[in-house]
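Two complexes follow with chain A in common, the first pairing it with chain B and the second with chain C.
Entry: the complex of A and B
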């Protein structure tokens, strides 16, 4: 199994190295879909220059990455290309092992259920075979590494690749059941971009399941574990923030990074939903809608955690998708991370309804982004509405994709309990309709 | 959401669309054409009107009276030009200085990838001369450009003469709030390109030019002048720019408004305005004008010096003097007044022209069809591709979905990979078509008795034709060869590819997108391996991108009322190809790469489907 993975890594690195050498790299780095004000490499370079001059890198409102990133690149700036390629490779390898482990568990659970004869008789079509699960981890790595979005993001040296690496390490350590590392990587991901905070619930659910702690608010063991995890998480977050303070010698980074993420002052167009809305809004509504939009990212955690408490890995996937869609400065790098998980749910394909439509819409939008950008910015003949319309459709398609997977997942679970061909009361075949 | 989630309703809709697919497609195509023809019918479309309030009326008192002097200056310029054997740089600098302008020159040189046989040039070296008149009233952050080219023959002397006299005249007025740049460029568009690149300090096409020594403010609008006779009967407006970009419609309206005011005959596409829209001949006149505009726009090349300004977000038009056999003549003084009036209005602008439309079709100067009127025509034709895709998808996912909408995807997953081979090979052919002609010209010239230009064009045609031989070869590599499923998946991919491609093209350059849609969609929708091979192959070839270009050449000349013999048409076709490649390398026109890298490979996919075994 290691040979195809290493072959894949070689291919992926070759593509990236070739693109880094080509004239396209510069063009790609300028695309607003690929780099956001948070993740643009140009801004990191600016921050480094300021740091070298002895000025706070956050002076001048250009640089918005965390102090950690700037200190990493303080040493690695000459090897930036290698670093970004390594980050991508790291994501792929981490996801590969995480998914392999996860699949093993799924299979084991299924075996127990089969032995206990828990599935209805007509559900044997739904049972997953080891043969079809064998290549899933490799497909996940492939979906991440060969996804054009990831390639673009890496070639643009968007720091989104590093954030993805941290998140994927968090997923790996969670799936492996390492509580401490999980908390540390989650803290690191939160420190990098706040939003991964929502993955906390999924991690807790998964780890508790693994340690056979009942998920029940009346039990002491439940709260004890939550407290433990929260302590580790907050502790490491505190250490990171403290370390940043000691490195920089000032609290400048708090408003410049987290204030910037939460209050969305930069309305440069991107593939997200914030910029147009806040550019059009009257100033006195701004705070209210800012709260609405930001709460929107976090609020889904509660219902999803309740509904999916048995399936924390699917919950992680859903949360990643929600973040990629609703966060304040999304880039295609974020999209590629949750898309890497799609092969994990390939067994849902028989219940998916709109994937062909959605993939066509996503492809069309990806083609339309540069065209409408050109018409708006260079030709001056179109305007912001054209570009925003594409953004809206792109996000609608993503939401539809997410809902489709959610529906398919729930439906499969339903069938696993109630049988694949439900009967109506009068004995005729029933159809399931979502209304 | 009901439609997307309720399997029963969804199935009913899909059933309806697959059962009635062919008639719906046919109706859409006809409806698209009818809609398009309706765009030239005046009662259906909008009257043009001035949106920019700063240019609202034509209340300007034009006092220019230097027509005679302009003609004298033109004669002197002609003499100096003959003496210098090219652009009389020193004389121009002196003359402009004497008229009180800040004068600068810019030299440029450019080696063409292969000799341009139409204009007989290969190594181009030249000088642009421009004088800046600084605005007396404001902080000089904005500017206007008046340009005239110094051509090889004596066919633009009057324009240069008028430009010089206008410079002197405008300088003596006190109204100016924007700098005015008077530019005389050599080697028509190459010189203009060099000057614009220098002005904006960019280099997109690898041109050698000396940096500009003096700049005015950001250019708001530009007007380029072409006059080749002392008196004109009418003025023609040219507005189609590089890559089919159009200037803001207000600029065109401004020209129209001043022509009406001063009483000069104005034409568009060389055609006079007619008022009898309700008669057949009046309507066909409007259709012809609109189709001429579309063909010009679709060509993607710049039809005058103005075309290159548009790329820098500067609104620009060319005004061309036409001297025909009409009785009524207009002298240079009147043309000067027209220019004065237009510049005075442009001077009033508070921001760039942006109020009016950028996407429009003009069947006449007084009527226009904006984007919301013409896009449905394209949409009706493009939706055929989506309907076909839906039909194919329904067929591929057969056996028909069980009643709860469960789809069977397993079969298609294998054939998707086998479809990749033709797609990749077709695109590689496209890359060959894009790169080989210019690369191989030297080898071709060595081995065959042809000139460089011919070598380039003939190589392009050879690669193009060689691409047609592909299906016999690719099939050996295709693993899932010969399955019904295989060609359907390939066709699905090809149809979706074409629809995205046409959609993007229509946004960038509506005319090109529409012409391609009109010709490619029927074959794309209809082609199957079961169709009779020979007639279908003939139809496919006839509706291939190269043949579309050939027909466009004939139609264009037919519409201009200068019909071509087949021989001439063929020669013109060859020169159009070389011109397209030159436009791409010289100015960055995108039509050649678009056709070579995307449209042609896409068409090859349909060719592949026809010969699927």
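Entry: the complex of A and C
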């Protein structure tokens, strides 16, 4: 199993190295779909230069990454390409082992359920076999490494790759059941950008199920575990923020990083939904819409975690997708992270309804982005509306993809309880309708 | 893999959590961020302003002339200077004013001895121009009394003099009543308050002669002479207040915008009072104006009606003929209708109307005031 993985890694590294050496690297690094004001490599270099001059790197509203990135690249700036390739490799390896472990657990649960005869008689098609699950981790690693979005993101040296690495390490430690590491990596991910906070609920659910703690608000053990996890999480977050303060000697990274993420002052076009709205809004209502948009990212956490209480890994997938669509400065690197999970749910393919539509739209939009950008900025014959329309459709396709998988997942669960071919009382065939 | 009951309950809980977030977080946030900003006004203080008292203060100086005080009393008052009196009241006034060292705008009361020849015998008080007053002191004040007593005795007299010399609340009210409406009054007082002109550094006066029918009437007026004779004196008197510039023009083929009706009662064409308002607007469009200045303009128009509409009279509200045959509009100017009588019977008529400039100017002047 390791050999195909190493082969894959070698192939991926080769592709990236080849692109790094070509002239395309410079071109890709300027694309707004791949880099955002938060993650651009150009800005990291600016921040490092400012630090060398003795000025705070956050002066002048150029650099918006955390001091940790400064610290890392202060030593590694000459090996930046290697760093980003290593980050991608780390993501792939972490996801590989995480998915392998997850599959083992899924299989074990399924075995128990089969022995307890909990599945209806006609659900044999839905039961998963080890044979089909054997290559899923490799597929996950492949989906991540060979995804054009990921390759572009790595070649552009966008720090999104590093954020993805931290999130994938968090997923690995959660799936392995290590509470402390899970809390630490989640704190690190939240420290990098605020939105991984929503993964907290999923991590809690998974860890509690793994330790057989009943998820019941009336039980003391539930709250005790939540308190432990919260303590570890907040403690590591506090330590990281404190370390950042001591690293640079001032608190101005707080408004520059978190204030920037939350208040969206920079309206450079990207593949997100914020920039166009806020470009044309009246000042009086800006705060209101800002609150609405930011609440929109966090509002799905609680309902989704209620609904998907028994499937926390799917919940993580959903949360990653929501973050990638609704965050304030998304890039294609965020999109590629949740797309890496799609092979894990490949058994749902019989219930997916919009596969062709979603795939065509995503492909078309990815092709349209550079075209309309060129038409808007360089040729002057299009305008912002064209580009934003493409953004809208791209996000719409992602939302549709997410909803599709959600529907398919729930439908499979429903079939596992109520049988695959539902019959009416008189024995004739009935159809399922989604209400 | 949960039962239907549990699933349903979960669905409800999920939907409820959505609603909870919207209501608890969303609605207060929406209310707070989208309310329009209302500035707080101190209504109580604004009400107080309506009752504000006007406070005018001036310095008052009391000067004792030579001979009013005994030498002992004199010692206690700081001696400014001594000067010789003039011989008449008017000269006193002027000389005192020019010699006075008191700050500008202060009132000065001079106390003069009993035997002074400045005032006639039985007059004790004289209030002069240039903020000066003379007060004759009583004879029994001088001897044997201390300074304080003398001053105390003088005080009510000085106060009375000052009260005469200064503005009281009623004076100011009367002076400003033209401009400021002190209380919501009748429509008449409203109309009166709108009548006065806004003050400006200069005014322009334009005299226009309107002739709708130059073919038949060849009117001519001697404007310069009339202005020199009648208008200029008034303007010279007003010169310290504002600058006036006068010009005149003649407009041909200008009609009144209103059709006048033939009224059998008066055997003339008439313009009723309410149609007068419509006259000005069309005419004003044709009046040229001296656009070089930003001063307000007063227009005085003389309209000679054409043969078809002669004679033309203006009727007032009671349907009586207005004697001067003219009307004026506050802040704009006036229009007078000049009827030409008894010149018919031939085709070409040319005449001048010099003689009646008296009448015209009289009307205009009263309107100007």
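The criterion applied here is as follows: the second predicted complex is superposed on the first by the 432 of 435 C-alpha atoms of A that agree within 3 Å, B and C clash if a C-alpha of one lies under 4 Å from a C-alpha of the other, contacts with A are read in each partner's own complex, and residues count from 1 in each chain.
Simple rule for what comes next: a contact is a pair of C-beta atoms (placed from the backbone, for glycine too) under 8 Å apart; a residue touches a chain by one contact, two chains touch by 3 or more.
Keep in mind the model is a prediction, meaning the values are calculated, not measured.
Trainee: Judging by the criteria at the top, classify the pair chain B and chain C on chain A as clash or fit.
Mentor: Pair status: fit.
Trainee: Once both structures sit on chain A, report the angle chain B, chain A, chain C from C-alpha centres, rounded to the nearest 10 degrees.
Mentor: Between the chain B and chain C centres, as viewed from chain A, the angle is 70 degrees.
Trainee: Which of the two partners, first being chain B and second being chain C, lies in contact with A:42: first, second, both, or neither?
Mentor: Touch partners of A:42: none, neither chain B nor chain C.
Trainee: Would you sort A:380 into first (chain B), second (chain C), both or neither based on which partner it touches?
Mentor: A:380 sits against chain B, while chain C stays out of touch.
Trainee: Looking at A:354, would you say it contacts chain B, chain C, both, or neither? Reply first, second, both or neither.
Mentor: Touch partner of A:354: chain B, not chain C.
Trainee: For A:364, select first, second, both or neither according to whether it touches chain B, chain C, the two together, or no partner.
Mentor: Touch status of A:364: first partner only.
Trainee: According to the stated criteria, A:306 is in contact with first (chain B), second (chain C), both, or neither; which is it?
Mentor: second
Trainee: Does chain B (first) or chain C (second) touch A:210, or do both, or does neither?
Mentor: neither
Trainee: Applying the document's definition of touching, compare chain B and chain C: which contacts more of chain A?
Mentor: B
Trainee: Quick one: is A:416 in contact with chain B, with chain C, with both, or with neither? Answer first, second, both or neither.
Mentor: In the superposed model, A:416 contacts chain C only, not chain B.
Trainee: If you take every C-alpha pair with one atom in chain B and one in chain C, what is the shortest distance in Å after superposing?
Mentor: 19
Trainee: Can you name the residues of chain A that touch chain B in the complex?
Mentor: 349-354, 356, 360, 363-364, 367-368, 371-372, 374-375, 378-382, 400, 407, 429, 431-435
Trainee: Using the touch definition up top, name the residues of chain B that touch chain A in the complex.
Mentor: Result: residues 1-2, 4-8, 10, 245-246, 310-311, 313, 352, 354, 358-359, 389, 393, 403-409, 496, 500, 503-504, 507-508 of chain B touch chain A.
Trainee: Please give the residue numbers of chain C that touch chain A in the complex, ascending.
Mentor: Against chain A, the touching part of chain C is residues 1-4, 10-11, 13-15, 17-18, 21-22, 25-26, 29-30, 33-34, 36.
Trainee: Using the touch definition up top, name the residues of chain A that touch chain C in the complex.
Mentor: Interface residues on chain A, with respect to chain C: 113, 118, 284-285, 287-288, 291-292, 295, 299, 302-304, 306-307, 309-310, 413, 416-417.
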